[in-house]
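The following pair of complexes shares a single chain, subunit A, combined with subunit B in the former and subunit C in the latter.
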Partner chain A sequence: MRARSFILVALLIAACGAALAAEPVPPPEFTDTQHQVPGEQYPQPSAAAIQYLDVAVLFVALCLATFLALRLRSRNAVFALMVACLVYFGFWRKGCVCPIGAIQNVTLALADPHYAIPLAVLAFFALPLVFTLFFGRSFCAAVCPLGAIQDAVVIRPVGVPRWLEGGLRVLAYAYLGGAVIFAATAPVFLICRYDPFVGFFRLSGSLGMLLFGGGLLVVGLVIGRPYCRFLCPYGVLLGWLSRLSGRRVTITPDQCVRCRLCEDACPFGAIRKPVEPPTPAERAAGRRRLAWLLGLLPLLVVVGFVAGGALGTPFAKLHPEVVQAERVRAEELGEVVGTTDASDAFYESGQPVDERYAEARRLRSRFALGGRLFGAWMGLVVGGMLIHLTLRRRRDDYEADRGACIACGRCYDYCPVELTRRKKQAEVSSAKNPSAKQ
Partner chain B sequence: MPEDRKPIPRREFLRVGVRGVALAAVVGGTGYLATRSREARYVWQLDPSKCTQCGKCATNCVLKPSAVKCVHAFAMCGYCELCTGYFEPEPNALTTAAENQLCPVAALKRTFVEDPYFEYEVDEPLCIGCGKCVEGCRSFGNGSLFLQVRHDRCLNCNECAIAAACPANAFSRVPATQGYLYRPGYSPATRKEG
Partner chain C sequence: MSQTTANPAVDPSERKRSWLQAAWATAVVAGVFSVVLAAAMVVDALRSQAEDMRTADRLAELKVALRDRPMDEGLKARIRALDVELRRSFFRRSQATDTGRWLLLAGVAVFLISLKSAMALRRKLPMPKAETPVPGLVGRLARTSRWAVAAVGVVLALAAAALVVTASSILGRPERGEKAATYPSDEELAKNWPRFRGPGGLGISAYANVPTSWNGKTGDGILWKTAVPLGAPSSPIAWGDRIFLTGSSKKLLEVYCFDAATGQLLWQQAASGIPGSPAERPRTMEGVEWAPSTPATDGARVYAIFSTGDVIAHDFSGTRVWARNLGTPENSYGHASSLAMWRNLLIIQYDQATADDKKSKLIALDAATGRTVWETKRDTPQTWATPIVAKVSHLQLAHSGHVRIEDATPGDQIIACGDPFLCGYDAASGKELWRAECLGGEIAPSPVYANGVAYTANAGSYATAVRTDGSGDVTKTHVLWKAEDGLPDICSPLANGELVWALTAGGLLTCYDAKTGKRLWEKDFEVNCSSSPSLVGDKVLVTSEKGVTFFVAASRELKELGKAELGEGCRTSPAFLDGRIVIRGEKHLFCIGKK
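Up next is the complex of A and B:
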């Protein structure tokens, strides 16, 4: 490389007549041809209007999804809207920005006062939350492109045991916790980095991304919506808010006849069987267990907080500046031979080594705190899950779980009471307007 | 059975109460962040003074070819006959023959202006943003070639895939109204808004 450089320097001097390569060559004056030096183009981003159009489409789609799932009670209509949203938000708008990823923008905006979150992103984050608070998770059913692409491949769903479902659900909580910690500590957007389906929407992506997404779709053939149920961090928030919702999916429009036909209707394991009220002995045992677990909860949080300290160093390895500082340090100590792009960039920047080390140490200590908070969060999640499992509520009918139901509307077609209602409705409408019948 | 029915209204009452609190939290939080959201939009851009031409812009963008392109600031250019951004080191001849060119996709066009000056122009649809010409120009020339995210192409991903891979930490979000960053000391006099 050196030798080549010297030859180049020599050539350059000969060609341009410059005394030294480091000195700039003066821009020429074109005396003979009066040549005009052209100006360069700086194309501007597409108009901001498109993102407000996205917000408007999101709002309309949410209204429609809610109407179709809760009022019209039509699976076909929900499916049609889902496909339309998959095409619009997924393949046309390339799946970015999505409410799932917007969690990170909101977190960053809260953590970093210098980051001004775009209004459209804020709307994308908040609109589905507000809708879910009132009407349940119709966003998941028909609007979310990530859900839609999985819903489209549900071919032969099999049930997941409740304990496994609950256990895997912890992953989604961990993902949410991790995404928030990383977005707040260093602007590293984990959800975007490991988005499984955006590669399909863009029709390009890294091998890892396509394998992950493809794998989820293959699994999704038999286990409905694996990403939504076991990974989606936004689904965690929606699940909480959905528990508070006023209106929601009721499998039967009238009285449940306990025919058990809907038991297998839900590919997402969201239908709960009737539960007998506990006997006094069971109730007392349950109370004791609850008391134990409530006592255990703070312990789990503390253990998580302490153990999370060990996560700081591995977490910090995701931050490029820490990796760069570690590499430079290793090169200084002679532990490694040669340089990387990152260490080259550092040497070129001319920044003092100590400054970079101090920065890396600061980042590491932030990540150590992040790791502790993450550990505490996981302790809280595990404790909360255990408590949730011990709570036993009396349930008279087959019901859609408030948190897990995504309002896809599949169960309606299975309910004989619903089918009777539809039949009656059809009769009434044909009686009202007999010409339509012929 | 009044004892059995009793818990339901209580639970419902709690639910309505907590829903109100949750609604207030979502709306309040959104409103608070909305007041801080001054800029309508941010876009990704790379700082040419930090860029080390590592080549990751060409390989890591979600677009193929990359949304990062080489930009030529003509006003800075020396119009050299032996352009070190255009020619391979030790070229056989100072001609436009493929074996002499540094650019792997022949995206840099060389045209004769007047003796001994040549004009170099980037053919943007061809350019892959590898930065080879930028490195050549910067090492021995005026540094008039530099890489920039082209906003008519960029998808403006929530997390830029190149930014995540950039070893020089040269990428950042900038206000869309000032979407380009230039070499220090250069401001385009003949700037055109495309």
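Up next is the complex of A and C:
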């Protein structure tokens, strides 16, 4: 039955992808009639009021999520808020603006003095970070629509081996680095372009992206929130800040009794077992390894910087002007047959081809610089993660990982200490209000 | 607890089982509903692709038919009706799809809720086994994790390397082509007839041994005569054993290659499928059609331009080397300027629209690749003249007596007529060197050059001689003389350094002194002429639109030497080869010479 359910869901998602693909409408052909062809319509920017409403809803949702996860400790309430935020930020507001994409706006604002970042976008970027710094990742638990749509499809989660989880986490760092560098140098907004779920929120989108998003949701049936854990660039920032947070979700409200009931409660692999302190021999080996890795780190950064320059050409192919210039050149040389909308637009512009080629080369050199920075970043990430995995910390109880826990509250129901607390709380409430018993 | 007390007949486990069954049933129903709905939407989307108005075969066929019958109102009505029908179908389908999307979303939501509910009802609390401490487990896990991080890093690096290897940029190729550029020597150019009016565009034959009598009707003196598939007023060019022509019809633009020895048509290639080429032909003057421009060759490739803005290059075997569209020219009679060449550059005078539109330009393309090497804006409205390439030599200038040898500026120039300026450009860079205000009206005659002086003549302005060693506006400093007699409106002038000739469309040939501009003589042939006059040895050849060629002496006194008849009309200028003349009639290509 379980296998049939998975297949059914997979079929559903794949079929949705094919069914939702959008198609444009060509304009009417004739101009010798009285019919007036309406001019091109461009969507107006969102009114300021709706932007501020979004910010207000985000703030309230963050407050509620924090209260429900940390204070009320109710998974059901967190889930209800998550569904509400999925409907509002996802299906109603069409997944835009979102804090994940706002990384690029902030980056562009820092890199380009001519770009003025909207205050609402800045608020969307900053508010979840601030809340995470103080209260952990309650944003991921109940507010983020991308997380919510994945959380909604978790049916039968299986654990991902810790070692594999650590390795796959590199992908999120790579995505973050790529998104920041592309936003700063091109600018190309990778996160928005390759948002896997926005097509579902808008009930329309390119077939490729719908299939990609659908694939993630299919994987999400058994591996909880794969995008959040292995790809989300904003999750990297939240993870860093969550480690610094003063108050965050704990499995038990009191002393851990090491019953191990919570061991497999988390579908996101965030619960850590107790760790014994290292032996003197292990400590000595760890120090040697740490010294070796600290020496390797700058080497990785330099190698990445030097080799990354070669990425200029492939990276530049993401830029529409470069793509257009390459297409026009290919058409000139007769290497392709026919024209595209992009090359037609260029021919109609009347711009000399050499100007366009020069502009494309200039963009490519910028991408080459971006490639170097990306290579250096990846060297830093790999080296830094290797060092992080060398450091060993003592852990006495079962506890949620400071960076990985998304505060969903699933582990509460497994903890006998928590259940005892709830029972006592119910008894106190009953004692205070005897009529409620009847 | 209170519920159990209130209704002891209901067993909690039984109730749970009932809920579980209900959840499963709901999940199955919602799942099947969603799958069926999604499948129906997919089938509908696939089926509707055939009805897509962009690709509807029937509509496309009707549109093609409309090009040939633009005034067919019945055809227009059928296209409109079909267009409306397809549009209605499209929007009906869009509405249905939109409804289907929401239904599908609702179905999937119900399916997921019921499935999650079922899973929650089946959930049991875990029963962990006793944990057995494994020495060194944490260390091993950390080591494996480090290897995993390193492995992912390596995979990313390999993926990046694959990207770098597979992603090449086509933008870098022209530089390589440029370095390998080759071009014919001046001697090779002089032996052939590589462009409109031959080497330099001067209308002067390198051979004096060409025939002076022939009769196209009887075949006397005609080596061969070959029908040309499509007509056009473009002139023949020749290189070695090949002769090239262009032709056009309402549907076709073509380049032809003939065997110079036999007249056999070796190949014909259509200029089609060129990116950016306009779907609808631009309007042109009646009779000119779309191939009035004479092609050019560098001995390796032949280049042609059409009134659509299409430029195309073929090698001598007829294989297309490159093709591009320069943008449809805005020209009321159609673009008619012929191609010129300087070294490895194909020179195109692309004048169009009005001067205020600032669309006119002189373009140099890399002959090997078609890439634009330079482009210079021109302050002129549309013209129909062809630029010439002048090898401005300080020795020529000095010998002509116009300048002192130390003041002369040597260098290859491209000289082009415009309204109102005659301009000289640096051939290598396209930079404008000088300009003289001496022209006006509709500019069709091309300039000529001799001994450091450019000569131009155009109806509505003057016949003018301008020194080519100036810079900036040389109107007041370098214009040697102006004359107002016998100004041509189509045919280009002719100059040999001593004399200058101008031929009007009405057949009036006027001879000037090249140094003073004094009119020496004139002869009215009383025929219409489109062909520009040519100089062969000591003879000037003038060909009428009826195909009669008149010979006069290239001297300070008028001396008529005879005439010859082609046997059919002629609007083109002849090509002169060793002992032969190649000339295009209305329907045939003729080679005149001794058998």
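Here is the rule we go by: the second predicted complex is superposed on the first by the 380 of 438 C-alpha atoms of A that agree within 3 Å, B and C clash if a C-alpha of one lies under 4 Å from a C-alpha of the other, contacts with A are read in each partner's own complex, and residues count from 1 in each chain.
As a convention for this text, contacts are C-beta pairs under 8 Å (C-beta built on N, C-alpha and C of every residue); 3 or more make two chains touch, one makes a residue touch a chain.
Remember, predicted model here, so these are calculated numbers, not experimental data.
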What is the contact status of A:Q104 with respect to subunit B (first) and subunit C (second): first, second, both, or neither?
first
Per the contact definition in the header, classify A:R329: touching subunit B only (first), subunit C only (second), both, or neither.
second
Of the two partner chains, subunit B (first) and subunit C (second), which one does A:G246 touch, if any: first, second, both, or neither?
first
Contacts for A:R162 in the overlay, against subunit B (first) and subunit C (second): which applies, first, second, both or neither?
second
Looking at the overlay, does A:W292 come into contact with subunit B only (first), subunit C only (second), both, or neither?
neither
Just subunit B (first), just subunit C (second), both, or neither: which does A:W92 touch?
neither
Please work out whether A:L122 is in contact with subunit B alone, subunit C alone, both, or neither, and reply first, second, both or neither.
first
Considering only the touch criterion stated at the top, classify A:D344 as touching first (subunit B), second (subunit C), both, or neither.
both
Could you tell me if A:T313 is touching subunit B, subunit C, both of them or neither one (first, second, both, neither)?
second
Subunit A contact set shared between subunit B and subunit C covers 5, 8-9, 11-12, 15-16, 21, 25-26, 28, 30, 33, 204, 344
Residues of subunit A touching subunit C in the complex
1, 5, 8-9, 11-12, 15-16, 18-21, 23, 25-26, 28-30, 33, 91, 152-156, 162-164, 166-168, 170-171, 174, 203-204, 259-261, 263-264, 275-276, 278, 282, 307-308, 310-311, 313-314, 316-317, 325-326, 328-339, 343-344, 347, 350, 352-354, 357, 360-361, 364, 375, 378, 382, 385-386, 389-390, 392, 414, 437
Could you list, by residue number, the parts of subunit C that touch subunit A in their complex?
2, 24, 27, 31, 34-35, 38-39, 41-42, 45, 52-54, 63, 76, 79-80, 83, 87, 90, 97-98, 100-102, 104-105, 108, 111-112, 115-116, 119, 125-126, 128, 131, 133, 136, 138-139, 141-142, 144-153, 156-157, 160, 163-164, 166-171, 173, 273, 275-276, 320-325, 327, 359, 369-372, 375
Along subunit B, where are the residues that touch subunit A in the complex?
4, 15-16, 18-19, 22-23, 26-27, 29-30, 33-34, 36-43, 50, 52, 54, 56, 62-64, 71-82, 84, 89-90, 94, 113-117, 119, 121, 139-143, 150-152, 154-159, 164, 166-169, 173, 176, 179-180, 188-194
Touching residues on subunit A, where the partner in the complex is subunit B:
4-5, 7-9, 11-12, 14-16, 21, 24-28, 30, 32-33, 35, 37-46, 48, 51, 94, 96-97, 101-102, 104-106, 109-110, 113, 115-119, 121-122, 125-126, 129-130, 133-134, 188-189, 192-193, 198, 202, 204-205, 241, 243-246, 277, 320-321, 324, 340-342, 344-345, 348-349, 394
